[in-house]
Each structure stands twice: as C-alpha cells, then as structure tokens.
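Report on the structure given below.
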Amino acid sequence: MHRILIEPIIRAALLEDLGRAGDITTDAIVGEDTQAEALMVTRQDGVLSGMEAGLMAFELLDPSVQIERVCRDGDRIERGQTVARINGRARALLAAERTALNFTCRMSGVASATRLLADAVGNHKAKIVCTRKTTPGLRILEKEAVRDGGGANHRFGLDDAMLIKDNHVAIAGGVGAALDRARAQAGHLVKIELEVDTLEQLAEALEHGADAVLLDNMDPDTLRHAVDLVKGRAITEASGRITRETVPAIAAAGVDLISSGWITHSAPILDLGLDIDA
Amino acid sequence: MHRILIEPIIRAALLEDLGRAGDITTDAIVGEDTQAEALMVTRQDGVLSGMEAGLMAFELLDPSVQIERVCRDGDRIERGQTVARINGRARALLAAERTALNFTCRMSGVASATRLLADAVGNHKAKIVCTRKTTPGLRILEKEAVRDGGGANHRFGLDDAMLIKDNHVAIAGGVGAALDRARAQAGHLVKIELEVDTLEQLAEALEHGADAVLLDNMDPDTLRHAVDLVKGRAITEASGRITRETVPAIAAAGVDLISSGWITHSAPILDLGLDIDA
Amino acid sequence: MHRILIEPIIRAALLEDLGRAGDITTDAIVGEDTQAEALMVTRQDGVLSGMEAGLMAFELLDPSVQIERVCRDGDRIERGQTVARINGRARALLAAERTALNFTCRMSGVASATRLLADAVGNHKAKIVCTRKTTPGLRILEKEAVRDGGGANHRFGLDDAMLIKDNHVAIAGGVGAALDRARAQAGHLVKIELEVDTLEQLAEALEHGADAVLLDNMDPDTLRHAVDLVKGRAITEASGRITRETVPAIAAAGVDLISSGWITHSAPILDLGLDIDA
Amino acid sequence: MHRILIEPIIRAALLEDLGRAGDITTDAIVGEDTQAEALMVTRQDGVLSGMEAGLMAFELLDPSVQIERVCRDGDRIERGQTVARINGRARALLAAERTALNFTCRMSGVASATRLLADAVGNHKAKIVCTRKTTPGLRILEKEAVRDGGGANHRFGLDDAMLIKDNHVAIAGGVGAALDRARAQAGHLVKIELEVDTLEQLAEALEHGADAVLLDNMDPDTLRHAVDLVKGRAITEASGRITRETVPAIAAAGVDLISSGWITHSAPILDLGLDIDA
Amino acid sequence: MHRILIEPIIRAALLEDLGRAGDITTDAIVGEDTQAEALMVTRQDGVLSGMEAGLMAFELLDPSVQIERVCRDGDRIERGQTVARINGRARALLAAERTALNFTCRMSGVASATRLLADAVGNHKAKIVCTRKTTPGLRILEKEAVRDGGGANHRFGLDDAMLIKDNHVAIAGGVGAALDRARAQAGHLVKIELEVDTLEQLAEALEHGADAVLLDNMDPDTLRHAVDLVKGRAITEASGRITRETVPAIAAAGVDLISSGWITHSAPILDLGLDIDA
Amino acid sequence: MHRILIEPIIRAALLEDLGRAGDITTDAIVGEDTQAEALMVTRQDGVLSGMEAGLMAFELLDPSVQIERVCRDGDRIERGQTVARINGRARALLAAERTALNFTCRMSGVASATRLLADAVGNHKAKIVCTRKTTPGLRILEKEAVRDGGGANHRFGLDDAMLIKDNHVAIAGGVGAALDRARAQAGHLVKIELEVDTLEQLAEALEHGADAVLLDNMDPDTLRHAVDLVKGRAITEASGRITRETVPAIAAAGVDLISSGWITHSAPILDLGLDIDA
C-alpha cells in the first residue's frame, strides 16, 4: 500500500501517545545519544500484519533508524520468532514502542483470525471476506490484514459498490423495485449486491439481475438450495453466525464467499513484543 | 467529554465510510425527503458506552435529526433493550448507520469487558485499570468506556505521568538510579510508577520513593508479600495474565489496582443494531 | 450530496480568497450592519450545477443568511434567469461573491458541456460519461455536474473499479494475461474494464471475461464491428476525438457509453453573475 | 515557488485519486519491484506550465524516483516534444500518472491561453493580467501559469490590494466617497483600484487619487479617450470581451493592462501524455 | 474580522489546553448541569482587544452560552470594568476560562502598547504601525489589536507588498538596481518600500521611484532632513529605537509612519480576569 | 523534544508569513541559485532558547541547508555572540529569516526572564515554575524555554494533573469537599494541588491530603507560617506579585516553588538578528 495513505494514521497515533510533553519518562532517564537495538518478537503463533505500519512509527520519530525485516506482512509466524530488527536512538525506540506494537498486534490479530476461518474452509472454493464493521479510522489497514490472512475484501465503503439491505428493500417496496432503482443509477462499473433472507427473495433478485446476493443467516441446507437456485448467475455470499465451527458446513454448501464481521470487530490481538537492548 | 474532542474522530470515520461518492445505494433507492425512525437496540447483555459518539454520526449528517436517549453511557443494558430513538432523513440515518454502530458496539464491548473484570473483583478494594494498549486514534473514547464499565484510567499517554519500565531500569543501571533520574526531572505534579519483577526490586523502589509500583506477572502469593512489603507507602498495581478467572485471587492479595490490556485490545464488541422504520 | 463532503472544499476556497486580512475593500467601504440582497443570475443559456456549492460560501461567511432557491442544480436555465436570491449582511455577500460564482460558473460549465454532448446522442442509447481528467480537488463536484448535465459517472478514482490500460497490458504481456491477473485480485464487487485498440484485442478481452471494454480511438465503422463482436457480453465504451460533431455517428454505432475528458478538463464556464442591491 | 506552498495541493489531489484502496488495477497486474521509464510528452504546441507541480506527484509516491527535466515551466513547446523523463517504480509511475497530467495539462492550458493573448498585444505596452476567476484551490498554480505564459498577476485575493467595484460605489454613494473611505482604511502599502463604466466616473476617480482604474467594457475609442484623460496619473486596465480578436485594438488604445478571466476559467487544457516503458 | 478566519486559531488553543482528557479538575468537582455566570473584568487601565476571540472559546465549548457584551474591542477600559457577561454551563466556563483570557489579555496588551505610542505622537500626523515581528500563529489577531490600539498595519506577510531590505540591496548591488528589479516583477497593485540607512540611499531610492522609504535608525534631525528630501514623493516610515520617550521627537520630524516591533513582540499583557458565580 | 511535535507549528508559521505568493521581494531581486551564509547573532545578553525551532524554518524551506550550531538551547549567551551558521539558498534564508527569528527571539525572551527570576532565588531551594498563561499555540515551546531558563514546568494543560481553584472550592462548598470529590475521580497517577488564600484553608487542605498547595498572594511572613504548617506534607507553591524584587524574600520563606505567569505572558523578547552574506 502506498505510504502516503498510511503515514497520516501512524503520525496521528504517535501524537495521540506523545501528547504535549512527549515521553517524559524516557527523556528523564535515557541520554539523547544512547543507541539501542530492538527486536520485534512474536509471543504467539499466527499471521503477521501491520508490521510495516508499526515500523513506520519508528521511522517517523527517528528518520535515521535502521530496520531489518526478517518476516513480511502476510507471513505465518511462530511464537518466539523475531520479525524485525530496529536500530536507532534509544529515546525514539522507547517512545514509539507502544504505538508500533498497537498497530502490529491489532493487525496481526485480524490476519490471524481471518487465517483461522480461511483454514476452516478446507478445499472448498469459498473465500473469507470482511465487512464494513471495521475499527473507525483503521479501515485500510484492516482490509489489508484480511488479505494478509488469506481473505478477500468486501466493499471499502459506501461508495464503491451497491449493497441493498433489508431497509432499502422495505423502502423501495420489494426486491425487484430496489434492484431496478439501483441499476438505473449505478455507474457502468458499479456492481450491485442484494441481501436476501428467503429463497423467494433470492429468485426475485436473480430475475432482476443482481450481480451478487448476500444470503443472510441461512442454515447450510438452505444455502445449498440457494446455490442451486443461483446456478452461477450471481456471486453468492453467506453471512451470519460465522465461526470456525460453522464455516466448514457453510463452505460445503458451495457459496463463493463467507463474510465475517468478527475478524475485524472482535478478533483478539496477536501478542508481539519489543525486546530492547540498549 | 467535550464534544470538541470527539467530533473530529466521528467526522473522520464518516468520511472514511462515505468515500468520494457517498452512500450510492441509499441515494439511488431512497428519496431525498423520506423520513424515518431508527431504534438503536442492543442484542446482548452488557454495559452501554460510545452511544453519544455514535449518535454524533447522525447529527453530523443531518443536523436537524431528533434524538431521544432512553439509556445513557455507563448503563447496564439487557438484550432487546432500545437505547435511543433517532428521527430524521432516511438517507442520513442509513448512511450513518454503520459508523454509529461501529463506535457504539466497540465502546460497549470495552465497557462490558471492564465490567466483567470489575465484577470479578468482588468486595475487594482493587480497581480495574486500563493500559496504553488502546486502538490507535480512539484512546479517549476507550478510556471513557473503561470508566463506563466501572474501571479507572491509567496514563492517557507518555506525557502525563512517568512509568519506568524494565528497559529504563536496564539503561539507568538499576531501580534506584532510574527513580532518582526520573525524580530529578519530574514536574511537581508528576507521579512516578515503576515496574518491578521481584521483591528485591520492590524494596529498592520503595526506598527511592516510587509513588506507585507495577507488580508484573507475580502470582497471588508473591503479590500478597509485595503488598505487605509496601505497607501503603505506594500504590500497588498488579498486571500480567489478568482474566476473569485470575482476578479474584489477585484482588484478594490486596493490591490497589489490576491492569488489563485485554479490555481495550481484545474485547469483543457488544452487538447493537439499528431497527429502521421508514 | 452530503454537506460534510463538500463543506471542506468551499471553506478552503473561501480561505484562499480571504487570505489573512479578508476583504479589505468591503470592510473599508461597507458598514458592518448593512444588509443587502443578491440575485444570482445567469448570463448564458445552459444547465445549472454547483449552485448548492456556491451558496454554501455565503452560509459559511454569514450563517444567518436567507436563501431562496429559484432553480435547482440540474435545471436547464436561460440567459437572464434568476437562480437564487440571497439576503444577508452586505459584507458577507460581497466577500463570498467571487468564491460562490467560481464554483457555480465552473460546474454549470461542466454540466452544460455534458448536456451538449448528451443532446447530440439523440435517440441512441449511449450515455455520455466522464473520465478521471478532472480538476484536482474538485472531482466530486465535477462528477455531480456531469450527472446534472445528463451524463453518467465513470470511476471516481483508482480504487473503485479496475481499468486496464495499454501500459498494463504491455507489462502483463497481453490482454488475456492482464485480465487474468486482475480477476485474481479483484474483490467480488469490483468490475474490470479493459482498453483495446484493435478488434483482435477485443476478442481476447471478451474471451477472458472483461466486464467492459474501452474502444479507444476507433472510427464509427470499427466501433460498429466491435459492438457486433461484443454481442452484449460486455459494456462498450467509445473514447477519443469525442466532440459534438462526432458523437452522433459514434452513438449510432451502438456503443453503450461515450466518454469525454473535454467535459471536465476543457469545458468553458457558464457565465453567471451576482446582482447586489444594498 | 516554494515547495511548501504546493505540496499540500498535490498531496490532496493524489489522495483524491487513490481513495482508500489505491490503484487496484496496477497493484494487481504490476509487480512491486518492476521499474519503468516514463516520458512526459506534449501532444500540442503551447507553453509548458505546472510540470514541476505534476512531477511532485511522482516524487510523493516514490521518493526515490529519478527525474530529468528536458524543458522548464515557461518554455514554449512543440507537439511531440519530451518535456521530462521519469524513472522509478512502475507502480508509482502508473498510480501518479493521471494526477501529474491533470496538473500539467491544466496549467499548460492556462499558460498557452495567456501566451495567445500576450502575442496578440504585439508591440504595444499592454500586459495581459489575470483575475480572481480562478479554479478554487489552484489559484497559486494558475497565477504562476499566467506568468509562465507571459502575463502578469492581478490581486492574489481579497486582502492584498483594494479593488472597488460597482457595488461598493453604489453602497458608498459615489466614486469619490468610495475612494475616500478606502484610502482612510488602507495600509500605506495597499494600492487602490476602482472600476469605472464611464469617463465621468473616471474623472472623479482620478480626482480622488485612484492608483489604478479598471475600464470596464469600453470600446477601443472610449478606451483611448480614457487613456488620454488619465495622462499617466493612474494605471489603466481594460476588461470585458477580451479575446484574441479584440486584444490588438484594445492594446492599441494605450492601456497598461488587459485583464482576462477566460485564461483561467475557460482555457482548454494543453494535451500532454505519458509514454511509459516498463 | 470573519469568524471563519479566527475560529481555527481558538479551536486549536482550546485543544492545546484540554489535551486528551479535558478539564479533569472541573469534571470531578462540578456537576454536568451546574450553570454559572462569569464576568470578564479588567484589572488594569488600557485598550480592549481580542475579547471577541476570547469569547469564542466559550462558544466553542458550549454553543448554548449566552453572552452580553458590555464593551467592544477597541474601547478604552478602566480597571475594575466588566467587559462581558457570560452565562452557561459551569463546566464549559471553567474549562474555557484560561484560553479565553490568554487571547484577550495578550491582544489587549498589544492594543494598549500601541495606544501608548499613538498617544505619544500628539498632534503630529504620524501613525504607529506594526511589523512582521508578531507571535507565530497569531498574526491576524495582533494586526487587529494594533488597529484597536489606534495604530495601522504594515504588511501582513511576505507576499502583499515588497519591502527591500539591506540584504536585498547588497545582493542586487545597490539601491537603484534593487528597485529596478523589484519594479520589473511587481504586479500593478504591489507597492514597493525600501529600507535606507543614509540620505544618499534615500536620494537614490526616490530617483528610482520607491513608493515608500523605511528610514532605519535615524535620529530626529536626520529624519527631518530625510522628510525634506522626500518632499511628499514617497511615504516615510521611521523605525528603530521606538519608545514612548522617543516617539514625540520622531513624530515631530514629520514622518508619515513610525513602526514598532515592540508593540507585538514584547508588549506585556493587559490583566483581565474572570469572576465566576456558580 | 521530538521534531514531530514542533514541525507543524513551524510549518504553520512559515505559511502564515509566505501567504499565497511567497516572498515576492526576494524572488524579484535574488537569483534562484544564489547561495548565502547567515549568522544568527544575539544582540543582548540572555539565555538561548527556541533556536532549534527557528532553524527548522530554514530546513523546511530548503532541505539541503547546512547548519552549524555554535550554541545550544539553554546556553547563556552574550551580546554579539554567533549562535548558529546557516548556509543555503539565499532565497530560502531570506524568506525564512523573520519566522526563524520570531521563534528564537520569543523563546529566548522566555528563557531569559525565567533565568532572571531563578537567579534571584539565590541559594534557596525554590524553583521558578510557569503557569498555563502561555501563548496560544506555542505552549510546548514555552514550557521548554522555561526549562532552558532554569525553571521547571507546571501542568501542560487541564488534563495532566488537578489544580483546584477558588471557583471549584466555592462550587464544592469548601476545601475539604472539593478535595474529596477530586480524589474520588483522580487516576492513581494524578496529583492534586489546591489553591488556598488563608492558613485555615491550608490546614483543611492538608487534612484532606492535597499533594500540593498553591499559596496565593501571601506575603513572606504568611508564607513562612504556611511552610511551617505544611511540615513537608505537601509541596508548597507561592504565586502572585512575583518579580525579580519579591523573589528573594519569597524564596527565603522556604517554599518549594514560585510560579510566575509573567515569564510566559509578558517577557520581552531577547533580540537576535541574522547577518546574511550572499
């Protein structure tokens, strides 16, 4: 991802932590010229993500910092593994430590959660996709973490595709009416997905040319019927109650996508730490 | 909290979701003048937080929106409960829905996780406190969520108190040296806390006048000894392996504070939704 | 469009004009309490656009200003027509005048240019679409102006759809290879368009499942062959040498879209002025 | 111009185009390490401007990019001429291409339009000057483009000189009254220009010490009388109906300045392209 | 001055003081619904300025605040005088108090210092003018404070007029050469002032048409000779060692302007306080 | 201090001075490639501060500038001393000159004023501390200047410690009630100071465990009684009527801190200049 997109986020996080006076503990105890080496080490198995974002925190505080990347975002990592070595002014390393880890631990958590579900898909074709239930302000990083974890991205926002939900259908007065209104306004490169709760709605959606259908909260059997009904005319996305345990049966139903809000809104972090040697 | 502190965060989150073209689905399907009522409803038991932040999303998109608060941030809420009623332009309600929920669900998740640990303390005096392991960009909201959940706040950043960690001690060449250097630089309203791993370090910390001591990864027995050793001369904070299960014994050891990174970095969201009636 | 998206643009334009000292001429000559009425009047026939953006300039300088809209963005307007009446402090009206007109004249110019081409399409199905050759900083306003002029929008940026150009094809080593790589990475709601220069490339693009094809710089005859070849399997977009004179024949060739950079990068403004009565 | 003034404009334009996900087409097709050379080539005769601004787009996406300038802003250029060579990561070149060209084409269009009018002045002393009818957000670049095209700059905003217009005169109750009020408030380094429609107003303006007079919509004969009347006591500026055809006669009337809104608000772009060799 | 110009400055100052957690003292002690009245009272004689800026701090924290203005910026005020009454939420009044006073005391200090020098001019025509030696970030407020104190404004920045200093003269190789180069580039509404140290330089400056001359560090006698030499052909500005004591003689020398850096860079504040009644 | 904290302040100050068109005088007279050397020289005895901030102005305009630091912030300097040598493009040096000096002169003024009071303390233990009466937008620089002048810092804002003032006491209904409420809400690393006017209030404050007491406007005798009363149980801060003349007696009374608003709100600048050799 272009640095120009991420830097403002990292900069803001550093300023949030530095406040007005900066790292007063470190400034009081550590000399201005003290150099140190820091190892970023993982304390759990998982998938690495957000390391580049985290490393940028060091670069922003000390542009002369030397960084050696041992792993790359997207790598599977094991407990105890060093993922990067950072050499620079001890003051900068200590002041940026928490910000760097906050990004890397959180994004690695998202990637690892995604990987967990993706592995549960097994040999089926289904891809794990994320939702817009992301952390405010961190969407582009979380979308990348999902990709790092072997998942794929859904919409990045309200404006890059149409997703017609139950409220839209209710206001429009039906699935067909909603789809027709949407198509009439949609740009030629804008796809339209529609959320359906029943097979009847699904049939109507297909008739009115939905590019994709979100099959909400259907059990595996109903999903299988839905996939049969679709016959490849639309992309099928299953959502609702997606866990490591439910994924295999849902994937076996033949859907193209399984979407999970959990991987971004509730994934626990992956624990990484910084071992500093001054 | 002053609106002036929160508004930029909500505004940025809205813009992140609206992108350039805005909510193209809603704009295609819903008329400009259609009014709607939305109920914010909780789908799980827990503690409400971030509702004020979430509601601001509606106000920013439609300044004429009418909001009725049924609950307040900090309230314990039960599944099925309506926490707020929002009346306004349907387009604005639908466009702000996800942003509003992203804030409220996440902060309620933090508050509920804090409450879980706080309840586990039982009748002991210990308070649950948070750390700086917060979501980048959302720290002030998460700190408030911790208070809403019955916890207390640790440092807001690197600059509002001194927390001397193992790396500082190593660079200074010992607990006493680190504390002395810190005290020499600290402003008269700046407290100093020091992380100790052993009772020996603790003794040295007390001798050099630490205001608070962070007892890192000690088992309940050691914590009890530590508390005895301190004899009220410093505030005692236990940290490391804090879960609902370990809290009772740690609290029973007599510490003043139990700090948890989990409540901010890994708490699952509390599920709330928006029922819209157009 | 949501006000929250446009306001920063108008605010920045006002500040660009006000500089540090503000409207020193008006402040010297016009009393603080002088009220005035301003009529926004068109001096040419065309299509109105950007009026809402322009009016926001007055509101930002004088929140108590009273505005009566006589026309709406998207209306065809005739020379001499009053499109809006603004009542408020004379100082604010005079200070915001140029900023307001700069937006409205420019956007009305874009809308009017689009209308010119759209009218040239006649009864054919082709829609006039814009490109990314927009004015830096004003894209969302120009995209809306294109819609106001009866056109449709192409991509809003590099991230909301894929458009494979000649350089991408060259790097990938062929049309098919480029499309395959793109499809492998594209999210399920991301459409892929590919630029082709020849019918051979077109055939390969169709074979590899392009959602849309950009037929670059083809004469009407070739376009007709291309449309025949496509047989509805992809959306067809003609581009290159698009003028009022060439549009009828191109539209007659049966393409779905005719894209023009001229409507955003080189359309002359539509002249509107402000008649102020203090 | 100082880079610090322009960079925020280029950065904002890049972000406008990159959106959240960046250049998804290029990222899918072009390898991260692929290098490329791009030639910026003009496709029309004209005057180059905005090349430095455009090149900054490449530098912002790839700070290690190598740029060789063949021409400089302000140069007359001929169709087919390479104006700059850019070597760097192919992904950055492709992602920045449109932004770079949007700046260079637009500013070269302004410079070329200015040159057209400036050439029409012939041997007369008149200078072509711009107005405040500039593109919102791009004023400083357009002012520079006007200079690159052989023109001179009028006010940069409302605050760097006084320009008394008809509305000010009406509110003040006359030319003399307006000038007197203005002079009383004007700083000692602030010049005052006044717009006049008639020779009577002109006489009054001179009597009250206007530094410059804007002779609005006068025919060449009236302009000549006006110039005679002024006798060098004020700078004379002709405005209204300024085209390539009307400029020679207006210039021959002896005015000092001929101001044109067209050169900034309606000049067509100068077509430049990027030839990329990966 | 337009609110749009000042609000960002006041907002930034509030955020600087509120930090992350806001006014923790007030929030702990004062109830959310407690109302209070605050009187802004002056504790010294002087000239009021920056009151509008200061009051904005209250409005930004509590938009429902009620303000009654007893005095206006520019008024002479006496010790003990109430200049404004503010009614609103006690929390907002207490949280904004220091920010509001910091603006009003500082700007009233600048206005009062200006008034001191302006009064020392007596019946002579000289005006007291400020310089660019202003507080970074507060220039527009300080320029207004100078006007409130009876002074006039010099340049607002490097771009609204030309001021040729000794270094420019040295690089150009002489006063005449510098003026000629400047005139060749200056827009027609841009005045040129030149700093001279000697009467010889002054003569050369007049010959080359300087609009104004800055007579640097000349004693009253030399100033008188300079004024005689100028004979009204240029505006004369005296600078250097300007104090209440030296002003009368300098003014008596007949110069048009006396410029002082002291009024903005070293004026002590005027003491105002807030009497709060909850 | 971390550069990331200061750069936005310097950048904003440069943009405030450059306006839209930049340094038009220098651009007209000095060639683009002219190099120059500038010496920053002090014209008064005092303490240097803000030099690093000032030098950043040159670096921001010309990243290739070469700087040699002869002195460092915090050094005592004597009239005529060169504190830094700057080599770079003459245009950048001249354009940044005033901004650089505005920072350095102002901060050196604060440091020198602090030094003046600190020297007056003599051999007593009291430290000079600042207040929140700082220049809006420049607080972190002024806090550093106070340290450079041998003083210590009080709170950086409303959120990093509690300071209970007379209004808080009045609303709470007494010193004890206010302290109790404050303590109940205060984080464990938050100290509480309370302002007292009388020895009775002081006794109550000590009883209720104030960490520090602000002894407002007490004469040296009362201060001595207060210090006796406190007996080391709280930090003692004297404030009110603090001048070079009153400091010795106040310090002799045995207080820990003497706080002065004057050192930040009314200290005259220390005069430094730039000698440029092109």
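When the chains are written out, they are named A, B, C, D, E and F in that same order, and each has its own residue count from 1.
The rule we apply is simple: a contact is a pair of C-beta atoms (placed from the backbone, for glycine too) under 8 Å apart; a residue touches a chain by one contact, two chains touch by 3 or more.
Computed from a predicted model, the values in this text were never measured in an experiment.
Common neighbours of chain E and chain F, by the contact definition above: A, B, C, D. Residue-numbered contact pairs of A-C overlap by over half with those of D-E, the repeat interface among D-E, C-F or E-F. Interface comparison, D-E versus D-F: the pair with the greater number of contacting C-beta pairs is D-E. Chain B and chain F have CA centres that are 33 Å apart.
For the pair chain A and chain F, the distance between mean C-alpha positions equals 45 Å.
For chain E, residues touching at least two other chains, in rising order: 16, 18-22, 95, 139, 153, 156-157, 159-160, 163, 190.
Within the complex formed with chain B, the chain A residues making contact are 9-10, 12-13, 16-30, 34, 36, 90, 94-95, 98-99, 101-103, 105-106, 109, 132-139, 156-160, 162-165, 167-168, 170-172, 178, 181-182, 184-186, 190, 262, 265-269, 276, 278. Residue ranges of chain B in contact with chain C, taken from their complex: 11, 14-15, 18-22, 60-61, 92, 95.
On the side of chain C, the complex with chain A involves touching residues 129, 152-156, 159-161, 163, 187-191, 193, 211-212, 235, 237, 256-257.
Of all the residues in chain E, the ones that touch chain C in their complex are 1-2, 4-5, 139-140, 143, 153, 156-157, 160.
The touching residues of chain B, when paired with chain D in their complex, are 16, 19-20.
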